[in-house]
């Protein structure tokens, strides 16, 4: 019974069917296929605003190729100390941008606050001897499965705007956040000041493609060059675009996210007082002694030891109902 | 009737079936899946030697991520003036390597010769004021569909070794070259001095994955870091690995390449005196006046105007027999 | 009466005379002059060990060009949160290295401790998803004018060695540290595990040149390429080398450092309870209310407002005795 | 008798005196000194137009730090095949720009022509798969000591403008070119379309500083960040600025250049039919058999063997009259 990672799940049927359907005859190459050419329109409708969409092959590429368009090589990206781009992307922000730095802000549950952001740059002088903060990057849902409300996003958007920064959203689990909030996609993106979104699909039942969604047309101009140069412009782009279109057009993004969220909600409820953060997306962080962990493992559960005394339980779009039920029972029985 | 590019063809059934077969249940993430873990073994058997294999998402990534492991930022890659890495990769060699330059050698049919390589670096002084040639990169089959024999590769390999350079092979159409030669894969790779190969599958019936094959273990050490950092390490690596395994293990690589080659051979024969280069792989370059081109297009053929008076006709693994027949007739009738 | 920065002082007579003396007739170009060629020998004698010395034009270049030889682009440099390379070099470590990150350790008085270093990397997993700590960089004397003893350096050297890291020393005020300790230069460099030193001269009475001193020959190999490529290899290298040689061979380094240190010591004594850190080099950090600061400024003293309630007083090799006396009196009178 | 390189000459008295004069008391740090702050005004008057001037420590830095402000990482700089930035700067254009490529144009005497430039980019498609030509870089005087007339510069300027490129001038020997032409500095710079100039002083009697002169204010914006980050912003900037001011304000630039030019002119005249290129600046390229070379060396002349059968003779601002006379006699006597 697997609760280690949503990256381990298979792709959902709609995605697979779309890949199969794309596999017919001749198609335009290097983003000139008819599926890729539909991306802007379909996502534009989804977000209620014109946008430019770029398919890439990983979350790292989505985040860092996109960020590179918003920060000069001597610039800096303000993000949470536990942001994926800081902890788990092997320096990719610097690689794609030509050297930009990360400035780390504090905040509970890996959530940024306006205060935390201000504190992170409080000592900076704004002269030529220091890196130039240029982008605020937030993760929705956060690395701890917490969700920013539209107001919280907008507050960060206002702060960014006020400082002349761009606002970037790492949406590796954007669908889960949206499923939790039930708001319009616009409410937590461009309407709240987000300039660019890494819209994650792979964790949510996709196969191999993420989307960079650019709301400010000026920021999209360099992206085709960056994609090509980074080896992120496959010759047979149809298979990538097909996945993104399928997720949006069939509504699989929502069904999958809601399923994963619902399972997490139940697990969180069963965890009771052990719950460390509100489980608003599909991750549940739970206090567990070594004995507790061993007991859970002995019952067949796989999960990640997050920190001493803390375990992480992740659900996916296809986590079997029986496994969820077993886990809730096991947690209750600890 | 489409003869523009082999990148426009669909994926072959074996690849699609392998992707479907991979889509079952839980799998290890980030190259820790069982399919990815089989790559070294399967390719090792194919090449008759231990090797390290890295799946990436484009030919550009295969070439340039690999090259970066062999050249310092102040180094240079010697390649043909018409090499893909020079003409069609948007500066990716410099991006991945941190700034390495290309030194351009001459040669007919986009083929390097020992003499051409020597001439390209003849004026260089070897001091600290100049870039340091560090890698020789050849394309097998060449950008004009010509194939290096094992002896030709070995001559370049010897020259590289003598100079302390690495030998890199851009094998975007390696399978076509192999199909043409009928030799052992080893004969035109490690046995002939090749240190690293971009083994192309996408043009040859693959979907979205190329392989970097490293024959010198020392060169493989940095590649996992480079893959990750470049966003070329997808979380669900199984779908990439499945494609590579299917191509090798089912023999699809060979059947596909031979089919494309055979079609090209027939077209070349029909072109007669118009043929510019020997059609040893799946590309046919033909002299054609504007009237000739128009006449062919009027009959429904699509192709690329390579240069004034020259057209390029590319076959793929699935080019319909009827189209080939029609084209040979049309060429004969010019 | 100027106590803002040691960078504002003029060059000392020995340096100026050496520049004048170098200005005679023809000299070899691009580090092939006879002065540059004496650097290794003179510094080798100074440090009691063979070393390779590279003259560069700024402290940023000394630190970051040198660091780049010790860290891969996906690597990281562990340093103090208040290290100059983090706070005041505008992202130069990433520029010179091709993207390396900084990992920030805590510690009083901008001093690293083994515990602080361990804590900084405690959460790191050592897998391919994270940057790879490769160098420990310490500043001697620290940004707060505190000095590591030989034992303290050696403890950090041991920790670095144990982890397979290199040890780098930002010695912008190395002479001041040495003057304070009175030990052999070797005792706080190679004998204590330092692989590379930025030996600063400019703040200490130099004009325009710093030295990178490399104790491990393997690390020196790439530096000529890096110097040239970064525009840090002037065609008339004699003027740079002359400055370094003069500072070492005349003993000006020591006289200057001791003079600045002595002035700081007296100021620190006058500050009494207001002193924030022990003044072991030529910087004195003093608690001062806004009224105190205003009073000092009214008496003609210039200095830097370090933080609310804190001022920084820096002495130089040529700070006039009368100014020091006036300042001590003024501090006593607050 | 030394005719190898103008980089081997000492600094002229005005420069040395200016450095000495600058060595008085306290000065602002990091380009905040009063000398640095006079640069824009003095050069603005010299060029008859507002400009931004940045002092850097080498010709490589002047060229490549400046070029980096005009070309994106995926862009390209069109230059002559024998341009210094291609042949002798160790890949620095890519280092400073984050990867930009060089596109090499042909032309006699290392001179670019509009036709040569057009031919160099003739085959380029302008799509995302190729590097994007963004700057035309010309060298005035050329690497063979030839000088572009104002009309020739303007023709290249027009071509650049027409294509949306910037025009860059490597003026390592700009003073020599100006001395030869006798025109206004404006005539071969901004009036002819030059956006940025590397104004060389070191070869012409300077000590250690070159100037980047920016005529388009928009291009100057990023340069302070680039300077700092590249370690090209020394803390005691007064010594660099003093050199530039002295050269311009005393007229030493002109006297020195004319002296070197005059010596070269006489040598060229003595070379007669052996002369390979018109000697319009301070370099003379002469046909000389191995026996001729040996004969000259036997008479005490030092020079550079440029190519088989070709030698290079370079004069400097201070080449002794007697040496010139001896050389002309020796050449006549061959």
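Note that the chains are named A, B, C and D in the order they appear, and that numbering of residues resets to 1 at the start of each chain.
Criterion: contacts are C-beta pairs under 8 Å (C-beta built on N, C-alpha and C of every residue); 3 or more make two chains touch, one makes a residue touch a chain.
Treat the numbers as computed from the prediction; the structure is a model and nothing was measured.
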Determine which of the two chain pairs, A-D or C-D, is joined by the larger number of C-beta pairs in contact. C-D
Which chain is most remote from chain C in terms of Cα centres? B
Would you mind pulling out the distance in Å between where the CA atoms of chain B average out and where those of chain D do? 42
For chain A and chain D, what's the span in angstrom between their mean Cα positions? 50
Measuring from the mean C-alpha position of chain C to the mean C-alpha position of chain D, what distance in angstrom results? 34
Do you know which chain A residues sit against two or more other chains? 30, 73-74, 89-91, 95, 98-99, 128-129, 225, 228-229, 233
As the complex stands, chain D meets chain C at residues 2, 5, 7-11, 16, 19-20, 23-30, 56-62, 64-65, 89-92, 95-96, 202-203, 207-208, 225, 228-236, 239-240
Please give the residue numbers of chain A that touch chain D in the complex, ascending. 30, 72-74, 98-99, 128-129, 132, 222, 224-229, 233
Sites on chain C touched by chain A in the complex: 73-76, 87-91, 94-95, 98-102, 128-131
